[in-house]
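Next, two complexes with subunit A in common: one pairs it with subunit B, the other with subunit C.
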Partner chain A sequence: MSEGTHPLRPRPVPRNFLLLQELENGEKGHGDGYCSYGLDKSDDTFMYNWTGTIFGPPGTPFDGRIYRLRVYCGDQYPKQPPKVWFITRINMPGVDQQTGAVNPREIECLDKWKPSNNINAVLRSIFSKMTKRESRLAQPPEQTTYPTPLPATGN
Partner chain B sequence: MAGVPKRILKEIERLHNDPVPGIDVESVNDSVRYFKVVMAGPSQSPYQGGQFSLELFLPEEYPMAPPKVRFLTKMYHPNIDKLGRICLDILKDKWSPALQIRTVLLSIQALLSAPNPDDPLANDVAEQWKSNEKQAIQTAAEWTAKYAV
Partner chain C sequence: MQVTIKSSDGSKHQVDVEEADTVLMLKTRVSELLDNTPVASLRLIYAGRILKDADALSVYKIADGNTIHLVKSGPKKPAAAPAASAAGAISDGPPQEPTTQQPQQQPSATGGAGGMPDMASLLSSMGGMGGMGGMGGTGGMGGMGGMDFMPQMTPEMLEQMYSNPMVQQMMQQVSSNPELMRSMVESNPALQQRLTPQMREMLADPGFMRMVTNPDIMRATAQLQAAVQRAQGGNNGGSSAPIGGGGGGGIYNPWAASAPMASAQPDPPAQDSAVPPAERFATELQQLRDMGFFDEAQNIRVLTRTQGNVSAAIEILLTSPPSM
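Up next, the complex of A and B:
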């Protein structure tokens, strides 16, 4: 018997239909307005590549800045968490200063990933990390970006 | 198979024993809710000769809520967007539990024969369809040859 057919466990929605729902929620702009996301390309049939935006939390070194992130949802999403990179340069714990890659072990939502999480929850979790004392660091010049990685496809 | 409504099992059985001509429905990993569909483009339409892939999912609320369905093959059609999402009333507010997977798929096939550019999902395609229908039909046929064979 395949996973999720137990009558007491909620049946998982297939990846593609889950991501279609996330896309719709993203377009409606749920949440408090600090985090948003959408598909990178509107014809990405299998919805691998997403762009996230985080507004720097007020009262932090990120205040007033807009951060763009790349979010990659692989074929095993949501069993496997998405991979996340900052596009906009940022100095904070858990972000690789060469590539902008977000270390999943440093972000609570990715570290303790559950398939019921979603792209919005990931962005919220990163936002939350930005408000922590440990993230009060000197920042690179505004509107600088990490070198563009090759677009990911498939796995 | 505990927890699977009899209604769904009956529909699957009938799709298997009495298949719809030109529409092939196959379960994904033996799921009773998630299917891959291959649909033949209707004759006398720019989709003729094409084999179009779709995916269909029956949500928990089915049949009180409509199935979720979209094309995976790229389509040039005013009621189908770049992600394959389909603008069809019975998939939204006109859904009735009396409808079935079978009727939904037949309706989608009919939509390929009768595009409705006045209720568009893909605006650029609808514009083209209204301003130069001949050109739009030719583009749809070219996409069929390119993506659906």
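Up next, the complex of A and C:
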């Protein structure tokens, strides 16, 4: 939460190019219709904080709900995977019920991270987990959120 | 400029829009493209952001060639009168809409109140109110800041009352038929005497009626009142603090100035500056979050300004531009 405030630290160039490409992909809506993502703040020059949404997969307890997530891409992205939090409350394995933090061990794309992965792949991987039998759990009321102090999201 | 509307089922539509168009205008267009799917059931998402009806597309920096995702929500909406007032604004933000939660939280109430109430169910609800004793006629008034109408009601009682399926049903009927509320009030001479012209005007406002009859909002108001009383050390015995009285007279207590008991309002609670606002307003902050206000820092600022009055805070949050 406290990283990402060192504008003078040198970054590998590919990081920013890659993230710019991801930003464009997010805005153009490439990929399937279930995940969407973009920069949390358009003036985030170094593209640390992203905001994503996952539409609950049909036929699961998440059906019809929109889940908001926070994605943090640190300086070492894409060598290191992003950190991910659910903003919208969700009851599923691998999500910390106090903070909404996603346990990378529980999400295949994060657990077996490759630098060729991207934010969309992370959201897809979480989506995929939502369709699993193990995720068929009772859900908290819709549109409730985790009590973590959140960055401004324009809402 | 042209944007692509991409549905979660994979279908795509090209739509011509202007940057200055509002999200609601875009939804209306999309609705026409989709065999007039009700606008209220459409949710649009751009780059991970849920679009709010009242915002212009430029707010989200949507540009030519971009793709906006579309999700259709199920038929969850209770029948409700359209409103263009502050209450309308609360429920216009599609994902944060308190009313969409109603069917979940009060499943028993939706049965009889799907559409316009017919005469029989209307009468039965009036009968139910009679059963509640002297409180009956004032059920709807509780939330209007008119605590002096029922001075003995504690927040617990109010909470209980609003959880009563019968009351919820009545509330739904009243919200879909403001006339019913008026006739209830007007059939009660004691209430009538106390109604100022200002109050009458408010009863005629469908948006206000909808707000008053939203159990979620009323519950929040009751909690707020409880919080105010706690802050006062409970020395009021739960009897004299009007709802919302601790704050700056928010949207739920618009009668404070004219209500007969207004002069008996206790002073706003002394602020305990030793407790940081984040802790002091923990309950209120949670309420704001639940309603979809996620900017914690801004919420704290606003709550501090309104001394913890959630309703007044919402009013400020809704009228001030979003912090992008």
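Please note the rule applied: the second predicted complex is superposed on the first by the 134 of 155 C-alpha atoms of A that agree within 3 Å, B and C clash if a C-alpha of one lies under 4 Å from a C-alpha of the other, contacts with A are read in each partner's own complex, and residues count from 1 in each chain.
Convention: contacts are C-beta pairs under 8 Å (C-beta built on N, C-alpha and C of every residue); 3 or more make two chains touch, one makes a residue touch a chain.
Everything quoted here is computed from the prediction, not taken from an experiment.
Contact with subunit C, but none with subunit B, is seen for A:55 once the two complexes are overlaid on the shared chain. Using the contact criterion defined above for the overlaid structures, shared-chain residue A:141 touches subunit C, although it does not reach subunit B. In the superposed model, A:42 makes contact with both subunit B and subunit C. Set against each other, subunit B and subunit C touch different numbers of residues in subunit A, with C touching more.
When both complexes are overlaid on chain A, the residue A:20 reaches subunit B alone and has no touch with subunit C.
Shared-chain residue A:33: touches subunit C; no touch with subunit B. In the superposition on chain A, contact is made by A:68 with subunit C only, not with subunit B.
On subunit A, the surface touched by subunit B in one complex and the surface touched by subunit C in the other have residues 42 in common.
On the subunit B side of its complex with subunit A, the touching residues are 1-4, 28-31, 33-34, 55, 57, 59-60, 68, 70, 72, 74, 82-85.
Residues of subunit A touching subunit C in their complex: 26-30, 32-34, 36-42, 50-53, 55, 64, 66, 68-69, 87, 141-145, 147, 149-150, 152-155. Residue ranges on subunit A touching subunit B, taken from their complex, read 2, 5-7, 10-11, 13-14, 16-17, 20, 23, 42-45, 47. The part of subunit C that touches subunit A in the complex is made up of residues 4, 6-10, 43, 45-50, 52, 59-61, 63, 65-71, 73-74, 95-96, 100-101, 104-105, 278, 286, 289-290, 292-298, 322-324.
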